[in-house]
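Shared chain: subunit A. Partners: subunit B in the first complex, subunit C in the second.
Then we have the complex of A and B:
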């Protein structure tokens, strides 16, 4: 099954549930009408929150940059000795 | 190193290059340094770099042997995706590693890719930057933001089952790479994402290892332009075709 079909199925299921709620009026109708808006807003919030958390805890590695500089120096020295062109 | 001593597998390391004359020499040295007891070959796919990358590779062949470093050039710049396919045709190992030449992918992680594969029997081991003990160095806020945004979007829409979709430091069983790569058509970042999403849909066993990513020190980036638009188009394409 193509992935877009899975997502559409999910959306259809949610819509069906919503219609069900509208019909049976377990919760007041005025609330039920607003549910899709709540749904979209919370989806947006979820997205922003995840990006925010991702940015806050973005893993960085400054020490790796230093280690790489050492590796570059070591490699250049070795290769130069072996007569390989490592000029910039 | 216990496992790697008994390891009889051969690994083909495919490195596409375009204007990487300095980086390719450094990375070859570092690969030999970190893979001492492993049977491997390095396949350099150079797209006619005007900076003399191929001359440097020939010098390296003199030093390390033409059976260890294979130069498989192409006449002109034809793109990354086809460079992998081209290199793959010449690979004699049962496993293939794909990595960038620009030292963003450090060869010191190669043993952990190999170890993970031996331990789990996975078809694909992919390097991930977005976990603890992984990481990125040298990105500005904008780059971090686009990277996080792209990742959240892809995770929510595609449910791919791996945490780092656009990274390209990966180890594949050769047969698996041949299978997956033949069904991929995208370019650029989307290509890496398409590979892993298709592999996931085909039900291949995928494992992750943490890697760190230091932005390139020498040379210049070859990707660019309307990356975000391309990415969104790629996402849509993957939604309908996988």
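Then we have the complex of A and C:
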């Protein structure tokens, strides 16, 4: 519940800011109308960028992968000895 | 395996950065440039700067709804 309230207050604050910008007309009118769409597009772009960067710098651990394979082999042998069927 | 991941990641970030710079230019910088500058022929008319994101958003919403409906129908068929 609290997280939703935080997001909603953020949205209301941004809307109020945009409305205030409209009223005082510091920025030329045509720009103020386009600002919400611009922010949504840039937010989508930012998400895509974070996904791309995460994919690029994803840490792989080759030693842990090897240890994991050994663990799996040991577990399979143990279960086979006990008589449980572990064929894939 | 990680090379393919890294290429996909690089492609994604490149696409997102190019879209961001193009859109920033389109919406913010172009209205301040004189109308007979040569740069205007590289950008579509300004109405498209609103139509294209809205259209993409609507298409995404439709795709999401169709996908959810498809998954619900498939699970109901499997149960019955």
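Observations on the model:
To be clear about the criterion, the second predicted complex is superposed on the first by the 65 of 88 C-alpha atoms of A that agree within 3 Å, B and C clash if a C-alpha of one lies under 4 Å from a C-alpha of the other, contacts with A are read in each partner's own complex, and residues count from 1 in each chain.
Just so it is clear, a contact is a pair of C-beta atoms (placed from the backbone, for glycine too) under 8 Å apart; a residue touches a chain by one contact, two chains touch by 3 or more.
Note that this is a predicted model, so its numbers are computed, not measured.
In the superposed model, A:85 makes contact with subunit B only, not with subunit C. Shared-chain residue A:38: touches subunit C; no touch with subunit B.
Touch criterion met: A:30 reaches subunit C, while subunit B stays clear of it. Within the superposed three-chain model, A:64 lies in touch with subunit B and out of touch with subunit C [touch as defined at top]. Looking at the shared chain after the overlay, A:16 reaches neither subunit B nor subunit C.
In the superposed model, A:72 makes contact with subunit B only, not with subunit C. Contact with subunit B, but none with subunit C, is seen for A:7 once the two complexes are overlaid on the shared chain.
Measured by the number of subunit A residues touched, the leading partner among subunit B and subunit C is B.
Overlap of the subunit B and subunit C contact sets on subunit A: residues 46, 51, 54-55, 58, 60.
Across the interface of their complex, subunit C is touched by residues 28, 30-31, 34, 37-38, 40-42, 45-46, 48-49, 51-58, 60 of subunit A. Of all residues in subunit A, those touching subunit B in their complex are 2-4, 7, 46-47, 50-51, 54-55, 58-62, 64-65, 68-69, 71-72, 75-76, 78-79, 82-88. Of all residues in subunit C, only 2, 5-6, 8-17, 19-20, 23-24, 27-28, 31, 49-50, 53-54, 57 touch subunit A in the complex they form. On the subunit B side of its complex with subunit A, the touching residues are 21-22, 25-26, 29-30, 52, 55-56, 59-60, 63, 103, 106, 129-132, 134-138, 144-145, 148-149, 151-153, 155-159, 201, 212-214, 217-218, 238-242.
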